[in-house]
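What follows is chain A paired twice: with chain B in the first complex and chain C in the second.
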Partner chain A sequence: MCGDCLAHAGQPAAIGAETTGEPVTVDAVAASENGSGFLLEDADPRARLILALVFAFVLAAVQSVEAAVLGLAFSILITMASGKPLLALLKRLAVVNTFIIFMWVMLPFSFSTPGEIIAKIGPLEVTREGVILASLLTLKANAILLVVISLLTVGPLHLMAEASRALGMPDKLVNLFLLTTRYFQVIFDEYQRLRLAMKARGFKSSLSRHSMKSLGSLLGILLVRSFDRADRIHKAMLARGYSGDLHVRTEFEFKKIDAIFALSMIVVTIVVLIAEWNRTL
Partner chain B sequence: MHISEGVLTIPVLAAGGVISALGVAMGLAKIKSHNLPQAAILTAAFFTASFIHVNIGPSSVHLMINGLIGLLMGWMAFPIILVGLTLQALLFQFGGITVLGVNTFNVAGPAVLFGFLFRKTVLSDKLVPSSLAAAGAGFFSIALTALLVGVALYASNPANYGAAAKTVFVAHIPVMVIEAIITLLVVRFLKKVKPEILFTATAVRTTEAV
Partner chain C sequence: MEQNSLNPVAESGARVRLVPDTGENLIELKDITFAYPGRPAIFENFSFAFPKGAKAGLVGSNGSGKTTLLQLVMGLIKPQKGEIRLFGEPTKKEADFRKARIKIGFVFQDANDQLFCPTVKDDIAFGPLNTGHTREEADAIVEEVLALLKLSDFRDRITYALSDGEKKLVSIGTALAMRPEMLILDEPTTCLDESAVERVVKVLLDCGLPYLIVAHDRPFLDRVVTSKYLMANKTVTPMDTKNAILHQEEQ
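Up next is the complex of A and B:
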């Protein structure tokens, strides 16, 4: 559902920062939201990645509201420990929750298994079960989002990529990811320049023939320039002896504090699992 | 277009993950490691394209151009789209980490399929068939993506997600038309300005290491 993409509209401005002239990097985007003095940033990225994934999938599997509430509570605690400004994050979650809002619009009215009708809006019947299911989805989605934000987006993004490599992600995929984040700022700058030129000429995005043609050309020229740039960079890198290896190996260290972090995450995950089993058994 | 966290069941998430992993492996096999910087620049370009919005009345949609990615890149669409969706999930929380597999397949699968089906006609010299094929790749890629989103929802909860699944598909009909037009325009633009991009599919596949 593209509803959740609508919020995109605000994003390029955040990245673009046309007026500030500051370098645009993916890390800058992530860092701009970090509060000060987080505790979790220093935790071993491998531990953060794997434990966040396990917890996220456990939350995804949860089918009871009780376990989901518990999961969300833990997620909020983890978020507080990460030092991310909670209030700003909650505002952001509200924007991102458009898919969930869509499910709220659909589910309470379209529950097909016989449900207890708790309200009527015109011809539409609101079922208790539909409301419960929609609530469950909302709790789960936000719990997972908070865990991902607070464990995976603290600290530089490339550390997460290196952590995934250490955990067995294929070299090529990790390098593709790293190089993409590297070149994204270049291409996005190019895109912003093109957009600025269009804006200066009074361009407004609409469904008109002219607008579509302009967008087609914008995308076309962006691709042409990217292909040309790709070619130049490739030749330049080959000339410097590039063979496909990035030679950026990060050594990770699993410290005592990481063990404490890992242990608490495991306990939290197990508690949610127990809550789920108690409810479903 | 991205399904958010928390909506799908574990079997659906797992199935999406496994199929996407196979697709990504196919795509990575097509990239020689010395060509990675080129692949990365194109990934960045396609990711940037997703920032382009088309206003429809009071609302707006962003481009996905998965049809175009499929036409130009073939199997490489899988790693390209996976990296794009990962960045979206981590930076903007669109989609999500647990649904990466499903979302990657939903977007990249149709891209690869219609890329292969329409590529030959798109490359032909005849203007009308070539334009129609380009528009078709754009249109059907989004259509199948929307259908797969619906299928993923339906498979997660057949009794209760049916209405949501149908609504997703219907809501995407305007997007299909827009993507068809944009894909057609970009292909015609590339044919005029730099046809070798279309014909070599990508420098990534053809440039040899010296």
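Up next is the complex of A and C:
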């Protein structure tokens, strides 16, 4: 258990230097993941969840480049309003766009049958349809990703679980999600402590047999510890009279600001749909 | 050693008695035998009693069975043989333990095991809601407990983002929220810095409840308990305590 000390050794003791027991003032930890408290974070999580899903579905369904461009533009605006740090955002986008690069390698050359040829690279023919499809995929993927990140991952994660409960998600799934959000960081910290301890003994991961074996043991011990921890958590819950209900309930309130947010999202979604119906490309 | 442990010198006041004294004890273990599956016995014909009003510490080397003892008391593991009485009532079945458990505020060693809810408020309300309090009553208890811990600003904090010291105070709070008749704390000071330990000491001295604390931290124990017990060789024996503060207060 004392391995825990290691992980926190570097952190400042937030308990307050004074021993008199003065209440410690707290900065908004709710915004722990994303800097400052922007408008979108305060919006009703239920509204954020529904509207993000509807907008994402509409984006996934559109077939025209105009609608996709419009969708991406709106997504960028929504992202700006979310106050997500740019660097973290770009990192996430980079992951998805790595896959999209492969689309660009394949798609422009794959429409040989009825396609209109716009360029030739050696024996390969680039078709207009192929380029349009690749652009459409790129635009849609990025737009959906941005809107999901900026509407669903702002603010405390557990509120998203609670919002899905309020919208009729079964209790068991919600509780599973709540416990996952609670213990993901704990298990990840444990993993990092173990990795650090391995590094301290000169371990470097490679494709060698020794390295694979060590990483296997790491994964194994992580599983065993997580299992033990689950057992202890269950015991701690029993000690407090647990009988099947986590009693975690967040009351949501649909405020004026939420109505404004919902209305803007609906308008944005409709505009994208209109662009789709009047498409030319 | 063995003899001594069976017939300890009777001390005045609230001391752990090794010979059960029915009616006056909050916890009584009699002739307990326990072993984890496939392992040698940790306890054989083990007896232990915790009287009303005691503030006791339990020390012992790693693996001497301290945590096992606490879990037996809570009915989280069941002995192969022997009798457990909690608050004067025999506890055999899970239903008996469920009734007794909620009268004991149990603070686990690792606060991450105890705090599983998204926010501090949810976690403190969990126990009272389990014992049938309404949400309004539970909210009132949350406020009361947070005020007692001087953590009123922490109501909506996310539990995983607390410091170790804050987590420990909140886990003691989750135990106090059960309105227990006694507290059991397993290593409450591990991983805590000095100022956090100070706050734990203050909360314990102010709570007005009897408690049993398992700890390696002797200086800490000396400040909060009136009697200390050593767990070794599968038995519990009293130790000399030179507790300044509490003994003076008692006199």
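Keep in mind that, in the parts below, the second predicted complex is superposed on the first by the 230 of 281 C-alpha atoms of A that agree within 3 Å, B and C clash if a C-alpha of one lies under 4 Å from a C-alpha of the other, contacts with A are read in each partner's own complex, and residues count from 1 in each chain.
The definition used in the following text is that a residue touches a chain if its C-beta (ideal position, glycine included) is under 8 Å from a C-beta of that chain, and two chains touch if they have at least 3 such contacts.
Everything numeric here is computed off the predicted structure, so don't read it as measured data.
Within the superposed three-chain model, A:240 lies in touch with chain C and out of touch with chain B [touch as defined at top]. In the superposition on chain A, contact is made by A:186 with both chain B and chain C.
In the superposition on chain A, A:248 makes contact with chain C only, while chain B stays out of contact range.
By the touch criterion stated above, A:158 is placed in contact with chain C alone, chain B being left untouched. In the superposition on chain A, contact is made by A:96 with chain B only, not with chain C. Touch counts on chain A: comparing chain C and chain B, the chain ahead is B. Once chain A of one complex is fitted onto chain A of the other, the partner contacts of A:176 are limited to chain B, with no touch recorded for chain C.
Shared interface residues of chain A, touching chain B in one complex and chain C in the other, are 1-2, 4-5, 8, 11, 26, 29-30, 178-179, 181-183, 186, 229, 233, 237-238, 242-243, 245.
By the touch rule above, chain C contacts chain A in their complex via residues 71, 74, 76, 98, 101-102, 104, 106, 108-110, 112-114, 116-119, 122, 125-127, 129-131, 135, 138, 150-154, 156-166, 169, 174-175, 178, 187, 190-191, 193-196, 198-199, 202. Across the complex, chain B meets chain A through its residues 1-10, 13, 24-25, 28, 31-45, 47-56, 59-63, 65, 79, 82-83, 86-87, 89-98, 149, 157, 159-160, 162-164, 167-168, 171-172, 175, 178, 181-182, 184-186, 188-190, 193-194, 197, 202-204, 207, 209-210.
Chain contact summary for the complex, chain A toward chain C: residues 1-2, 4-5, 8, 11, 13-19, 21-26, 29-30, 32, 156, 158, 161-162, 178-179, 181-183, 185-186, 229, 232-233, 235-243, 245-249. Residues of chain A touching chain B in their complex: 1-9, 11-12, 26, 29-30, 52-53, 56-57, 59-61, 92-93, 96-97, 99-100, 102-103, 106-107, 109-113, 130, 133, 137-145, 148-149, 152-153, 157, 160, 170-173, 175-184, 186-188, 191, 204-207, 211-213, 215-224, 226-227, 229-231, 233-234, 237-238, 242-245.
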